[in-house]
Structure formats: C-alpha cells, structure tokens
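Have a look at these structures, which come just after this line.
Shared between the two complexes below is chain A, which has chain B as its partner in the first and chain C in the second.
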Partner chain A sequence: MSTSVAMHMSDGLLNATTSMLFIGVAVVGLAVAASRARATLDDRTAPMAGLVAAFLFATQMINFPVLPGVSGHLLGGALAAILVGPWVGALCVSIVLVVQALVFADGGITALGANITNMALIGTAAGFLVALALRGIAQRGRVGLVSVAFIAAVVNTVLASLGFVVEFAMGGETSFPLGAVAATVVGVHGLIGIGEGVITALTVGAVAAVRPDLVYLLRGTQRPLELRTAEGVAA
Partner chain B sequence: MRKRGFFVGFLLVALVIAGAVSYLADSDPDGLDHATLVGCQVVEVDGAERLTGNCIAQRARDHQLSSSPLADYAVGGDERSTGMAGVLGVLLTLGLAGGLFWLLRKRSTT
Partner chain C sequence: MQPFHRPGDTPVHRLPAQVKIVTALVFVLCVVATRRTEFLAFGLYFAVLAGVWTVARIPPVWLAKRALIETPFVILALALPFVAGGPTVDVLGVAVSEQGTLAGWNILAKGTLGVLVSLTLAATTSPRDLIVGLQRLRVPAMVITIATLMLRYLEVIAAEARRMRTARICRGHDPRFLWQVGATARGIGTLFVRSYERGERVHLAMVSRGWAGAMPDDPRPVGRSAWLLGLVPAAVAAAVLVGVSL
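And now, the complex of A and B:
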C-alpha cells in the first residue's frame, strides 16, 4: 500500500519558471528573517525556538480528518509566530519544510520555494499580523490569548492556501479553471484552519500556563521573573 | 531547574506525538492533495500509482528522493516504523534548528 502521505505541494504542479521564481522569493524572505531573528534570539529563546521547530515537525505528522476522504494537518505559522516571533517563526517553519523535503521525501524539491513562501512566509506573517492586531485581547488573560491564537491560526491557514492559488494562477503546469481551484483549496483550508486553530490554541495556552515568559506575544507584559527564581533554586 | 524542566517536557511532548500519536494520523490525502486530485482517479499500473482523468496533479512527479531511507515517514519503507521515523525527524529538526538559532543568538556579555 503506497497511498501517498505527501503533505505539501509536490513537483510538477507549478512550471519550472514559477518554481524558480518562488525559490528566489523564499531565499530573500529567509535572508531577511535570519537577519531580523538575531535580535530576538538569546540563551533562553534559542533553545525554545529549536523546540518549537521540533514540535512543528511532530505535529505536522498528525493528519486529522476534515471531510470524508480528506485530511488536514497543522501548518504552524501562527503557532510559531506567537511563541517565538515572526522572524524566528518563519525560520522554524522553513527548517521543518526543508527536513521534510530532503529527508522524508515530503514536498517536492523544486516546489520547496513555493511551499516555504506559503507556509513559512505568508502563513507566519498572516498569523503574526492578526495576533499583533489583537494583542490587547491576548494580554488580558488566558481566554483572550487562546482565542487570539485560534483566530490567527485560522487566518494563517486560509492565507497560506491562497498562496498556492496565486502560484497556480501564475504558472500552473496544467490548465484548470482557476475559480474551481480557488473554491476547493480555500474551502478545504477553511476547515483545516479550524483544526489548526484548535492545535494552536491548545499549544499556546499550555506554554502560557507554565512559562508565559516564553510566549513572544506576551513580551513586555510580564512581571520580572526574578521574583520567582529567588525561591527554591539551588545555587 | 524549573527552566530546564519545561524544555525537557516540551521535547517529550514532541517525541510522543511523532513517535506514538503519529500512528493515529488520518492517511487520506490532505486538503491540498485533495484539491490537486479533483478530476483524477488513482489507478494502479504494474504496482505503481498512475493518475487518469484531468486534474492539477496530472503532471505531478514522484519525489526525487522517494527511495531515500526515511521517505514517507517510514524507515526503509516499513510503514510500521512511522514512530521511529518521527522520533528521528524530531531529533534532526531540533538539532538543525536549535543549532542554527544557537549560532544566530545574541551572546550574553557575562
């Protein structure tokens, strides 16, 4: 039995020119992200960011049913952006996509640029911008944070899938009525977005319950941690 | 210690998801695959899957690395080993991402 468990765009959906164009977009986007990421990475957040990438890899393996015969899985842009910020978050999602394409034969190699553009750049940016716009609500308490995480994740999923529609319109390898493609892709990803929202909300909620200081979106609202470390920490 | 504890816990959660929960994953095509397959049927020709009909994925190619040791989240093509492949993937991702972020980080002055 070899039902493909491929989760991302495979090679041969987009023509060579368009694939190359989006490899360029991905390289430029990641270079910008890497240069901006430095400012938010330190001895405490660097290990957290590595773990977020590892967690995304694990969670992307879990396809959940959305319709009869159709599944979906986490993309992770909003999750990463809320926990480690947009720049580091985009790098986290990208590293996962690179590992999947090069080691697990999941997601085409020439399609990697488009996959990174959609899930790592568009998804993370969309998730982060929504979360940023609603930060006031997120900082009000756990319910607020979890709700914002859910909404940001739904938007991240739908916009990432729209990225595919745009790429297909620019240079699909086959001709197919664009309206039908857009309706199917965006419709299904609206449903997947609900799953993405639930997973993102649960994860962000759990991290915030234990280590709110590690939630990027909550930065600047925490009381200094030193108040707590003074007790019970062996010298 | 409290700090380290959270990181260890987070890693354990990722390992359990990839190593065990992954067996429960739905094997139906995901949303994007589904959309690219609308209009096509998957038929088996000489043990290989082919698409007939008219769909976006018609000219999709097999992955160049489809015979690599961990292809399709299985060790050596053995579907029972998904959990092992997942654990290896989590550790590899952690190593690559953690290493990159550790190198990129601002050094503390102390």
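And now, the complex of A and C:
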C-alpha cells in the first residue's frame, strides 16, 4: 500500500464530499496565490516559473526507491518556493498536478483538490516558511543556503503527507486503521524527504552559484556593483 | 515516453477542447459519486467510454498500454482484501476481508475509469489545444503562461539532458543502466541552469517577436451543437448515476 501513498492520490480514494471540499480549498488558495503572484511575474521570472514547473514535472516522473517495494518522487514545494517565491511556486506545483491529471492520467481528476492542497499549498507554504525563518543562515554562504534548502524540503514533504492523513481521516476508507495509515504515510515521507532534500539542495546550490539573481530567497542581498579604478573605489 | 496524443480527424478530435475538458470532468465526478456496490453502473460507464473510443478510432490495445501508469494503484487495491480488518469471507479457501475487498474494488474500478477518461481526453486533444481549451474556460492568463512555458521547456530539459550525456560519454564515461543514475543526479543542478539559460534565450526571442503570454486563438464562438454533442457522454454518465441512486 505504501507504493500508492508515495504517489498522487487517485480517483475514488476519498469520498465525493471530501473531494469537493478540498477542490474548494484548492480554488480559494490558488486564487489568493494568483492575485499575489501577478506582482512578481515579469520577463525574467516567467521563464523561471515555466522551467521550475517543467523541472518538477520531469522529476516527478522519476520515482526513486525509498524502501524495498516503496518508491517516492519529488513533491517540489520547497524547491519552487525558494527559486520563484511562495505565490508563483504554489501555481507552478498546481499546474504540474493539473497537467499530470489531464494529460498523463497521474493522480485522479477529482482528487486534484486534495493533491493541490497537500503538495502545492501546504508543501510550498511549509517550505517557504522554513526557508524564510532560516534566511539569515541561507544568506551567509553556499553551505548555509544548501542546508536551508535541504531542511525546507524535508519539512515540506512531511507536512504535505500530514495533509494526506487529515484528508484520509475525513473521507477515506474507514476499514483502514487510521493510526497505522498515518504512521506508514508519515514514515515513508520522512524517507522521501531525504531524497527530496538532496535534489532540492543540489538544484538550489547550482542555481545560486551561477545565477544568484534568480533565487527568490536571496533577493535584495546582492551588493551593488562597485567600480574599482586605480584611484580607489568610484561612486 | 510514449506519446499520449493520437492525431486524427474524427468527430471526437474535432470537438473544441473546452467541451472535452468539461465533459471529462463531469464524467469522472459521476464515476466517483457512484456507490461502490453498483456494479452495473461501472459497466455502463465503461460502455460509454468504449463508444467514444469507437467514434474516435482509438484501438483498445493502444489505450491498455498507456493505462499501465495506473499499476501502483492496482497493487494497493489487490493488497486491501488481505490487510483490512472486519468480517471475512472465504474466496478459493483464502479468508479475505469483506470490507477490504469492496474497498479494493472501489479504488480499482474508479481509478481505472479515471485513467481511461484522462487518456481519452489526451489521445484526442493535442497539448496545445488543451491549453487553448483552458484559456477559453477563463483560466487566468498567468496560469496559461506558466503552463505553455512548462510544456515547451519539457523538450528543452530532455534535449539538454541528452547533450550532457553525450558530453559525458565523450569524456570516457561508460553509461550502463543503473550506474548513469549517479552521474545524472550529480549533474541535476547543472542541467537546471543550462535549461534555464537556453529557455531564457528562447523566451526573450518570443517576447521580442510579440508574444504576450497567450496562445493565438480562433475568436469564433463555439456553437450550441458542439456543446450538445460533446456533452453526450457526460449526460449519459449523469443519467446512470441518477438511475442507480434512486
């Protein structure tokens, strides 16, 4: 059973009432994200948002082994939040989930609301809040930034899986003991979080090394360009 | 990756994308709302889909191959009869949980129908048309922008990954099935930066040629007959749902 909880929820895993409730939650959350994202999306960040979405899409197709018989894939909330910010990030993850459901039949259409709530809203928010809280460490240098990315990704994964537990408790199969489901889901996602953390840290580290101007978390920390001449520092 | 779009010129292919998206959503909502013990209803849903495949000329084998994406969910469904609690029944001498069997059937039937609906939509609608369809359904322009760029950049990422692999082989790397995973993982950050810089050049070229974030679209409104025709499968599914719920 753990094979499935590591992937998107499919149709029929939650009952219709719960599915509709979380579609509502997702629509409201995305409307807020869209209104806030408009201010941050320009000619430079639009391709970044598109690339983050495409990157998440490609990496979500690759399942890495966690335990024998159990595999997980990247959720991507923390990666998106650190690179493009929480609002655009939530939209990126949601778009990935919608396209996967519509085109690649990965994750159910009616379960989209719950999937978006977990991975796009809870995941991105958790990843961003952790990164924001540790921003001082992240701005200190490469090691700091990479460690913050790792921690944010682990927290994002575990909190997103807790979202699933809540939804399952509200409208899932009652024949399953909830405690066992919660323990399995959270345990598996703790392990997935390590894989997620490694990928997030590698990606954020590489982008920050080459193009620190593209990392949302590092915005406003660049030192203004200094012109040094033979006489000293010019204005 | 196998292509999910199957180009064609059938009545299903010609329907406007937004009609097909709405129909698929309504159809799947009906499937999920059906009680799990209404076995006849699930058969009728499948029959409706089979009818659509006949009109769209999609061979069942083509669909079956792509439906394998569902396998992880099926494994869960097959495990349920053995791990769930409650009263048991004997099947071929093995005691299985009654609730668990029904729960497994529920996931299997609804998941399979959901996958088949999505596959039918994807098979008859090109990715570009799906985006235009969402645009016509008044999805915010910013979402369309990100989605369009995402579909474009998938190709960019794949192409850059191939180039990096070629570069590794040129430098004496010997890629075998599993051993190249390590090299690919270490290069994942580089892949991201390379893809971004190439994507940025493409994006600036598009902007300088007048792209403003929306796909060019045919402004003609969709006639009522297209909606009526396209919504037939959804209407039948709704009728089945009402029929078995009474």
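Following the convention adopted for this analysis, the second predicted complex is superposed on the first by the 215 of 235 C-alpha atoms of A that agree within 3 Å, B and C clash if a C-alpha of one lies under 4 Å from a C-alpha of the other, contacts with A are read in each partner's own complex, and residues count from 1 in each chain.
Note that contacts are C-beta pairs under 8 Å (C-beta built on N, C-alpha and C of every residue); 3 or more make two chains touch, one makes a residue touch a chain.
Keep in mind the model is a prediction, meaning the values are calculated, not measured.
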Superposed on chain A, are chain B and chain C clashing or fitting side by side?
-> clash
Does chain B (first) or chain C (second) touch A:184, or do both, or does neither?
-> first
With the two structures laid over each other on chain A, which partner does A:205 touch: chain B (first), chain C (second), both, or neither?
-> second
Is it chain B or chain C that touches the larger share of residues in chain A?
-> B
Scan A:53 for contacts with chain B and chain C and give back first, second, both or neither.
-> both
Where does A:159 make contact in the superposed view: on chain B (first), on chain C (second), on both, or on neither?
-> neither
Based on the superposed arrangement, let me know which partner A:42 touches: chain B (first), chain C (second), both, or neither?
-> first
Classify the contacts of A:34 with the two partner chains as first (chain B alone), second (chain C alone), both, or neither.
-> both
Go through the superposed model and pick first if A:95 touches only chain B, second if only chain C, both, or neither.
-> both
Any idea which of 41-49, 77-85 or 131-139 of chain C is the one running into chain B?
-> 77-85
Interface residues of chain A shared between complexes with chain B and chain C = 1, 3-4, 7, 10-13, 34, 37-38, 41, 43-44, 46-51, 53-55, 57-58, 61, 88, 91-92, 95-96, 99, 102-106, 108-109, 173-174, 176, 207, 210-211, 214
Which chain C residues qualify as touching chain A in the complex?
-> 1, 4, 21, 24-25, 28-29, 31-33, 66-67, 69-70, 72-73, 75-76, 79-80, 83-86, 97, 99-100, 103, 106-107, 109-111, 113-115, 117-119, 121-122, 127, 130, 140, 142-143, 145-154, 156-158, 185-186, 188-190, 192-193, 195-197, 199-200, 202-204, 207, 213
Chain B residues within the chain A interface of the complex = 1-3, 6-7, 9-11, 13-15, 17-18, 21-22, 24-36, 38-39, 49, 54-61, 63-66, 68, 70-73, 79, 82, 85-86, 89-94, 96-102, 104-106, 108
Within their complex, state which residues of chain A touch chain C.
-> 1, 3-4, 7, 10-13, 16, 19, 34, 37-38, 41, 43-44, 46-51, 53-55, 57-58, 61, 88, 91-92, 95-96, 98-99, 101-106, 108-110, 173-177, 198-199, 202-207, 209-211, 214
In the complex with chain B, residue positions of chain A that touch it | 1-13, 34, 37-39, 41-59, 61-67, 69-73, 88, 91-92, 95-96, 99-100, 102-106, 108-109, 161, 164, 168, 172-174, 176, 180-181, 184-185, 188-189, 191-192, 207, 210-211, 214, 229, 232-234
